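As written, the chain order gives the labels A, B, C and D, with residue 1 at the start of each chain.
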Amino acid sequence: MIDYQSILNAIYNNVVQDEDKGQIANYIPELANVNKDSFGIHLQLISGGAYSVGDSEKKFSIQSISKVLSLALAISKVGTDIWNRLDVEPSGNPFNHLSLLELEKGIPRNPFINSGAIVIADILVSLLENPKTDFLEYVRDITGDANIDYNYKVALSEKQTGFNNYAAANLLKSFNNLNNHVDDVLDFYFHQCSLEMTCAQLTKAFYVFANKGNCMLQKTRLTKSQAKRINAIMLTCGFYDEAGEFAFEVGLPGKSGVGGGIVALLPNEFIISVWAPGLNERGNSKLGMQALEQFTTLTNQSIF
Amino acid sequence: MIDYQSILNAIYNNVVQDEDKGQIANYIPELANVNKDSFGIHLQLISGGAYSVGDSEKKFSIQSISKVLSLALAISKVGTDIWNRLDVEPSGNPFNHLSLLELEKGIPRNPFINSGAIVIADILVSLLENPKTDFLEYVRDITGDANIDYNYKVALSEKQTGFNNYAAANLLKSFNNLNNHVDDVLDFYFHQCSLEMTCAQLTKAFYVFANKGNCMLQKTRLTKSQAKRINAIMLTCGFYDEAGEFAFEVGLPGKSGVGGGIVALLPNEFIISVWAPGLNERGNSKLGMQALEQFTTLTNQSIF
Amino acid sequence: MIDYQSILNAIYNNVVQDEDKGQIANYIPELANVNKDSFGIHLQLISGGAYSVGDSEKKFSIQSISKVLSLALAISKVGTDIWNRLDVEPSGNPFNHLSLLELEKGIPRNPFINSGAIVIADILVSLLENPKTDFLEYVRDITGDANIDYNYKVALSEKQTGFNNYAAANLLKSFNNLNNHVDDVLDFYFHQCSLEMTCAQLTKAFYVFANKGNCMLQKTRLTKSQAKRINAIMLTCGFYDEAGEFAFEVGLPGKSGVGGGIVALLPNEFIISVWAPGLNERGNSKLGMQALEQFTTLTNQSIF
Amino acid sequence: MIDYQSILNAIYNNVVQDEDKGQIANYIPELANVNKDSFGIHLQLISGGAYSVGDSEKKFSIQSISKVLSLALAISKVGTDIWNRLDVEPSGNPFNHLSLLELEKGIPRNPFINSGAIVIADILVSLLENPKTDFLEYVRDITGDANIDYNYKVALSEKQTGFNNYAAANLLKSFNNLNNHVDDVLDFYFHQCSLEMTCAQLTKAFYVFANKGNCMLQKTRLTKSQAKRINAIMLTCGFYDEAGEFAFEVGLPGKSGVGGGIVALLPNEFIISVWAPGLNERGNSKLGMQALEQFTTLTNQSIF
């Protein structure tokens, strides 16, 4: 029997001593105002137990991690047809590169690069009656937590400064791969990315992927096959151009965000989330990556 | 003494027989509504004579040819400082590629690719009190023709469908290489591109470049050195990814537009413009390219 | 209890009916001379059972599948130092592209693209006393089968026509990422790729990766961590630019070769190999991919 | 009447004071052993006069400048058919990039990037009975100087270290755009590049391009049209990724080499060559570029 609490404590003590905590994302003031020393982990077992250490109950901006949730909602509503408009291959490039999108004529490489997530946002804007409200409702539902909400200041900041996303959306539109107005799609997208959660909430939100499509409250929200495939995309595409490294060092499907959060999971076993706002050079939480490497090394658990 | 009129007539008879007239640009209705059989040439000698054949007095949309005029105005006002924000190297790529712009961190390769022309538009929006009015005034002034005007329907169409240009402008802004609002810069840019001229007017507008910076009315609008350098950019960058081919086959500085116009010049000797709306695969007037090749072959005149 | 034999039979009957069997690799005569209708599967359980169907005992050229074996030998001898000379990120590009190698200054993206495998070959040429003999010995050892051998005619053909590999090796050398002579490294590399195995032999060769580093004869040939990491690279990089698709559709670490072989595995559970020489557009066995998709769907087994 | 000698003297005095003389090419010892302070200019007028300053009579390795001479010989023998195997567009990339060659399926952008010059070398190897001897004969003939020779040590050094050129030649061969053996073509190519000339000899060698195809001894070696077209390629492609800059600042067709030589010409007027071995960041002679800018500014002569 693994003593998870001791392992989390050991990781905590180990990691917080690192003097180089990486760089906090500062492209919008709301993200920059975070305490660089924040660090929390939450571990949720499918078998029922839960463990945590540090700032695991503090809210942070989940940013790109939300792309997995929007993908899940789109897949649950549209099924495999969404793959007509985007692919599932790793990008092999930093997360904001438009070059590949142009080269591949407006078909994003996968749903976790910005252009791919914008296509998913476009699909949801077409499908949902009240996109922002309905998506928030979905996230609260699968998480089983009605307190989850957008951070409207973060969303507004992104709207005012997210020129690269405007570039991506317009490029998609020039290739006829965006059905709604750029402004409408990005308004939804910026709100989606502004979602705030604690580490504990994040593990609950991702329970559905580790549990064959059945969410925290044991309601079926995805088919087994859909959950499996979303896990596969997380593994191959979840960490920008560090996806191979994460698979290699950690060996779990997961997703990171520039807010410093990372969530990862072992199907049928557990979901673990880490938050440490300082980023490494490739835009992933520096201490978060270290913590997860140590976790899979110490517990000897991975999909491989 | 060269018999220019006979040469123009010969080219006309030769070229209009070509059954494959290329494809008319159809991305906006106003450009698509043009008669595919239109064909005109106008030749203006610096020594004073002028010759023409065909539809040389019909107005057409000069589109990208306007980029030379906006560059000239920017250079005459700002001088060499504009080169801090863009380069003068051939792009070696089709005219709308954003990849290179991203790779080179928001510094456009040259002022004749769309992103480069948008930077020039941004400079003019900053400099001019009433950008659209003042630029039109400048064009009328160097041409010595108060009848030149924008086509507001064409400008509006571009505004509604020019998603690739919105992508480029937002990408520039994400790299801090656009000072004004995207919408303001593009409003100016789309009007600039909507300028309409006849072949005869176009040669007058480009007189200033062939005449050491002195315009049709002999007023100095550029220094000798500025005119020379603009000619150099036309030669190396004036024809999208067919610039080398044009230098090789024709051997004159020039500029083309998707409206089917081409203007070229031999410094101190002449300016020649051709209009034939069907484009070749690289976006340049198919018959226009042929006509100019024949012209320099028959007259044995080129900068080389 | 899963009835594996019935499942293999069902897949066989299903797949062989497909009229479009893909294209046989024809760049060397030895590969082109294969019967297009060949089709075999072999399944080896870690718990002991083995099942097969079709041409599972016919030898074929394993080609790029050999890259996993050379990587394993290099890692077992050198350890993590090999990662100074190459990376573990998916390439996102077809298998023979030199562009990325040039852009990334001679550091191959991963050990399964040709340039990466050539770096591994260079490492082995430096380490091994008799590279070709010693490597063959290693493969026979982990497989527990002394009958495995190179196909010298295939190796010779590659030597005479593998210009793209000569280009890659010279480019590596120009970036100081090749220590031995190009000809020596490629001689080894072409022999390595010419290895011939049956489906049954192939599952035995890959037993070590599914069994925590212990080979078929239960001798430890890799640490648990090394085996895990090689599996991770297979998952993210094992199928050229179809790696994401394979993870998504099949959900197993694996590796393909242009000879039409594919081997995949579920750690601690099984190794499965398929051979069908016709390739799809991305260079992977067309029927092999289908067979493995059906296998994981019917058995409901994957790492996700 | 321009006082050319005073102008050359003024340039000399001006330029030699620059403390930053650039970096000498050091990838082969023979090139590195040159005195960094060397500086010479030679000017040859078509009307007959000749002027020089500094080390204009010292031999140096002309390197890539030889590509113009091999192109001239190939064109004079094969005519326009050579353009089936390469293009005439500027590359917009550093001189040794293979990426573009791969992207464009083995068709080099132009004859002055290495891959293009290697295709020209392949053409000459096929055409000439004794390629190295016959080419040397051609160069001596157009220059009217039997003392010009290869530097066999330089050629040998290139052979031993020119891995990037081996990569390019093999990549060309993989695309079926090289008819002869890689080693044979590169042996010719490395000798061609090892040609040594003084500034004075270099202007004589390029006389044929400035004089409508008639060489120094007034023998016709190219048609007028061929000479014109070679000049056009020099202008658009003669300076790696600084071609636009050279056209912009200098405004003459020309060609540079990593030995620090530059030759440029004004058709029907003059040929000028400069030698200063220190290179700028883009691989062109640093002081040489400055000298030519000053020359065209002071004499007010350019093709534009």
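Everything below uses one rule, namely that a contact is a pair of C-beta atoms (placed from the backbone, for glycine too) under 8 Å apart; a residue touches a chain by one contact, two chains touch by 3 or more.
This structure is a prediction, so every number in the text was calculated from the model and none was measured.
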For chain C and chain D, chains touching each: none
Farthest-lying chain, centroid of Cα atoms versus that of chain B: C
Cα-centroid distance, chain A relative to chain D, in whole angstrom: 55
For chain B paired with chain D, centre-to-centre distance based on mean C-alpha positions, whole Å: 32
Per-residue multi-chain contacts in chain C, two or more chains: none
Chains grouped in pairs wherever the two touch, ordered by label: A-B, A-C, B-D, C-D
Complex contacts: residues of chain B adjacent to chain D: 87-93, 100, 109-110, 224-225, 227-229, 231-233, 235-237, 241-245, 247-249, 251, 253, 267, 297, 300, 302-304
Touching residues (chain side chain A, partner chain B) in the complex: 97-99, 102-103, 163-164, 166-168, 170-171, 173-174, 182
